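Two complexes come next, and they have one chain in common, subunit A, joined by subunit B in the first and subunit C in the second.
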Partner chain A sequence: MKSIATRDPIADRWVGLALLAPALAVILVFFVAPLAMSAVVAFRRKDGGLTLEHFAKSFDLYTTDLLFTLAIVLASTILIGLVAIAIAGYLTLGENPRAVAILRWLYRWPLFIPFVVAGQVMRTFLAKNGMLNHVLIGTGLIEPLSAQSLLDWRGIVIAFVWKQAPFVTLLLAGAMASIETQHIEAARNLGARRLRVLIDIILPQVRGTLLVGLVLSFVTMLSVLSVPLMINPNSPTMMTVDVAYRINTFGDYAVANALCLLSLILAAGGAWFYLHHAVEKVEHA
Partner chain B sequence: MSFVHSSPRVYLGHGLETAGAWLLGALWILPLAYAIWTAFHPGEYSTHFVPTAPLTLDNFGRAWAAAPFARYFLNTMLLCAMILAAQLVLCTLAAYAFARFVFPGRNLLFALVLLQLMVMPDVLIVENYRTMGALGLRDTIVAIALPYMASAFGIFLLRQTFKTVPKELDEAARVEGCTPLQVLWKVYVPLARPVYLAYALVSVSFHWNNFLWPLIITNSVESRPLTVGLQVFSATDQGIDWSIITAATLLTSAPLLIAFLLFQRQFVLSFMRAGIK
Partner chain C sequence: MTALSLPALPPPLRTVLRAIVLALFAFAIFGPLLNLLLWAFAERWYFPNKLPLEFGLTFWYRVFQPRGNALASLGTSVWIAVLTVALSLAVAVPAGYALGRLKLPWRSAILLLFLLPQAVPNLPVYVNIAQVFYQIGLNGTILGVVLVHASHGLVLAVWIASAAFASVDVSLEEASRNLGASPWTCFRTVTLPLAAPGLIASAIFVFLESLDEFTGTYFVGVPDVTTLPLLMFNASMGGNYQIASITALLLLIPSIGFMLVVERFLKADVLAMVGR
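Moving on, here comes the complex of A and B:
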């Protein structure tokens, strides 16, 4: 019998490379080459010499937007985490089957709404004369004169949280459902309240899944153009809008590339965490 | 898991929880409910909730007439099908290579694939736009699809799944005389079916929603997908007619929402079994 360990390593080598070749070709042409060129353009002067001027210009023009982007995405990530913990926690520990069923059915809907649609819906929903203000005025919660538009950073955060929280909740609820129930039942039998059980027993066991969900959301939100473009296109705005503006209005590929590389640095930390966690999980399995 | 105690206090607690769940659920669904309300009612009710307001399909008719939605739908479906088919083939082959074969530079090449996960597609838009120009593919559906065909997420997810398949199954298939491709097809692919389903849903959902790259690389009705077509309705020179905007918005996302409604149980189970974590 010819076991895996005694397979012909030379033949294996060629088979492995042949299997990989089609994907590798696409990656080289549409990822490695453009990434290298993008970096070169961001660091190159018109006369061909190396320069940091495009980065300096990016910081001159867009430092506020860079910080704005970071603040929006971080705030959204934190809120997504809190909403996801609350919903997934209730789905796991809820004692009222009807309430659990209602929440389970309703929370998932935004999962399949495209960002561009979420942006469009929020744009009409959160405007000064939008439905939200009409409802608040109609219920007497605010005066008509104090109605204000939420089409600014708040609108972006609301759209991001609304769109991404179900994704993290889905991952988190799955992880919580697979936890051994003995500890939870023991704690509940000893009189621990549900919030305590959630914080002290459940969350520590699903921390990895929560962080991975949040990292994937963080990286996704950094690259969304449609939501800031529709809700808050004016300065300060998110960097994706700036990139589109540099390309469409000025044809300024150098600064656009520099801005893209700065976004990449923001995203890379989060993505590294995801890969580290996922690879470690498989190696230990 | 249930810790039910039958006392009036518990009943009251249950009532409050039910009310709280309805409230949170209603708040969560409110933007979508609002879009549905506005799309199905005349413009004067777009920001006023009047239960007796008449229903209408006029907004959908006007939205449909304002943009070539039929063509956009066709383009989007072609795009999603093309990307998914290519991804399933390329990612499966690459994942199998990384999971079960030893070849020079394997770790380096895998790191290269993983690097794609860290890089937002936006970084590459400028250069990919030039590449598509050089290939003569600008303003085509193929140009939208090409950069996404070797999905890093797909390769990574499938490689992780294939690594959990017992090697004994692989060996047994080889002893039976299967070639590597037959082993892949008969052993690995069937065992990874939930992962394929979850990945397909994620991929279709992502590419149905994708906006920035199609916006830049296309400039004609023949190649634009729905999301880019929807952008027409956000232009200020169209005026703000929210009924039409929300009708167009619902038209865009309706297929995904209906698919979700029909397959949500399978979707959630696949998602959880796939271990996208």
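Moving on, here comes the complex of A and C:
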């Protein structure tokens, strides 16, 4: 691509760096530096020496919450993946144009709804006297006495899936739409059922997009504070709630940062999973 | 999925099944929102009544009274979002131009660096920024919150701006330069107007992200900056579901409005250049 600012590649470089500098400075000062600080604070004793005591304390107090967090975020990620594949798959292969149009219009409503609002919405919807239970009782699916509140780990998972699945579906449906239709038509002509076509032909081609969407969702959900605070603030709960508690109640930045680093390690696990599978894909290609 | 895996059913049954699955899906999407709407207009509602005992606008008057907290929070939220957009675009437009138009060393690495705030849990960042801001007196100030929002909003702004500039046809710029326009005139009269829809989209994204942001404001904004999401959260935790639901509705309007029009701003040609 020819540059417009100048015709000289060396000058281009300096102009480019000058244009980039302010944005880079903002990211470095307000994102990278605090992140690095987290690693320092988590390992520092009061007198300045290195220590692992904050991690020991974290594991002592919050091992259950660590596992709880991992379980919730993993379960949500898997459910988001399944929902997104189902919806995007029907949008791509559905044979009834009206059903496809309705589904396309329906699925994206929660796309830009903030987590804090999703938390509030689910807090009333899933409560013991919430609309979900009233509808289940009204249709005779459950007895009034067996109505129960879903405001525990299930509520968090439901809120996460409700809010995040449209995002992954949007990415996935876009990727599926750009697949060459000959492959799909050929398989269909050979008599393959739609479910087979989805699993054997479409999914392998959009795996990269699906993984990106799921890893981004995984990392985002690890950091959400509002949803667990509003739906399930009592122990066992998610680590974000523990971090807020350590800071607001004790001003204990050391343990808070140790917990943050542990959640970073979980996120790194997600990134590793993505890279591992992305590389595998390249090797297969 | 159900309709998908049962192609052997007779057509009328398939139609019924399809309708049932779609109806269930519609309930999953709209049920929670409908419940919120009911709460926003409920005067009295307690167990075991299925619907509010009385509908009314008492709580709306309370939210919108001239000296009410909600209007003040709405003002604070919008002001913070406007400043965040201004700051983000002021640094993202030059950066996006450089990344979208110029040949740069380490271009992909720089793009990846700008992705960092989306790819790393934000909690450690907010916790430590809050601690530093506390020491230098930025905690509880509008500026402090704007800086936190901008560092997160920048990601989308840079990526979309870079895609928007990359999708502008180079030959149009060359034509204007050959006719004697200076680089700045060419940028101002050719490149910028052509990239404008993408830049507007990124501005809207940043605005919405700032308007909806909770965790960063929760740590950095206390105790003086109360944005709308924080007000909603406090009302909800205080058990006032009507106030919480009304504030939630206020937050929903821009989110859903944007969802409905997003494709008009983010055209396929720009989307195709994202991350290239």
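To be clear about the criterion, the second predicted complex is superposed on the first by the 252 of 285 C-alpha atoms of A that agree within 3 Å, B and C clash if a C-alpha of one lies under 4 Å from a C-alpha of the other, contacts with A are read in each partner's own complex, and residues count from 1 in each chain.
One rule holds in what follows: a residue touches a chain if its C-beta (ideal position, glycine included) is under 8 Å from a C-beta of that chain, and two chains touch if they have at least 3 such contacts.
Only a predicted model underlies this, so the values are computations on that prediction, with no experimental measurement involved.
Partners subunit B and subunit C clash in the overlay (superposition on subunit A).
When both complexes are overlaid on chain A, the residue A:T63 reaches neither subunit B nor subunit C. Of the two partner chains, subunit B and subunit C are each touched by A:N129. Once chain A of one complex is fitted onto chain A of the other, the partner contacts of A:W109 extend to both subunit B and subunit C. In the superposed model, A:L171 lies in contact with subunit B only, and not with subunit C. When the two structures are aligned on the shared chain, A:S146 is found in touch with neither subunit B nor subunit C. Once the two complexes are overlaid on the shared chain, A:R188 sits against subunit B while remaining clear of subunit C. In the superposition on chain A, A:A244 makes contact with both subunit B and subunit C. In the superposition on chain A, contact of A:G89 is made with subunit C only, not with subunit B. Of the two partner chains, both subunit B and subunit C are touched by A:G138. On subunit A, the surface patch touched by subunit B in one complex and by subunit C in the other comprises residues 1-4, 9, 12-13, 15-17, 19-20, 22-24, 26-27, 30-32, 34-35, 37-38, 41, 90, 93-94, 96, 99, 102-103, 106-117, 120-125, 129-131, 134-135, 138, 162, 174, 219, 222-223, 225-226, 230, 240, 243-244, 247, 253, 256-257, 260-261, 263-264, 267, 271.
Note for the complex: subunit B touches subunit A at residues 1-4, 13-14, 17-18, 20-22, 24-26, 28-32, 34-35, 37-38, 46-49, 89-91, 93-94, 96-98, 101-104, 106, 109, 112-128, 130-131, 146-147, 149-150, 155-156, 160, 163-164, 167, 170-171, 174-175, 180, 205, 208-209, 211-212, 215-216, 227, 230-231, 233-234, 242, 245-246, 249, 252-253, 256-257, 259-260, 264, 268, 271-272, 276-277. Residues of subunit A touching subunit C in their complex: 1-6, 9, 12-13, 15-17, 19-20, 22-24, 26-27, 30-32, 34-35, 37-38, 41, 86, 89-90, 93-94, 96, 99, 102-103, 106-117, 119-125, 128-132, 134-135, 138, 144, 162, 174, 193-195, 198, 215-216, 219-220, 222-226, 229-230, 240, 243-244, 247, 253, 256-257, 260-261, 263-264, 267, 271. By the touch criterion stated above, subunit C contacts subunit A in their complex at residues 1, 3-5, 7, 18, 22, 25-36, 38-39, 46-50, 90-92, 94-95, 97-99, 101-105, 110, 113-114, 116-132, 147-148, 150-152, 154, 158, 170, 173-174, 177, 183, 186-187, 191, 208, 212-215, 218-219, 229, 232-233, 236-237, 241, 244-245, 248, 251-252, 255-256, 258-259, 262, 271. Per the touch definition, subunit A reaches subunit B in the complex via residues 1-4, 7, 9, 12-17, 19-20, 22-24, 26-27, 29-35, 37-38, 41, 87, 90, 92-100, 102-103, 105-118, 120-125, 129-131, 134-135, 138, 162, 170-171, 174-175, 177, 181, 184-185, 188, 208-209, 212-213, 219, 222-223, 225-226, 230, 240, 243-244, 247, 253, 256-257, 260-261, 263-264, 267-268, 271-272, 274-275, 278, 281-282, 285.
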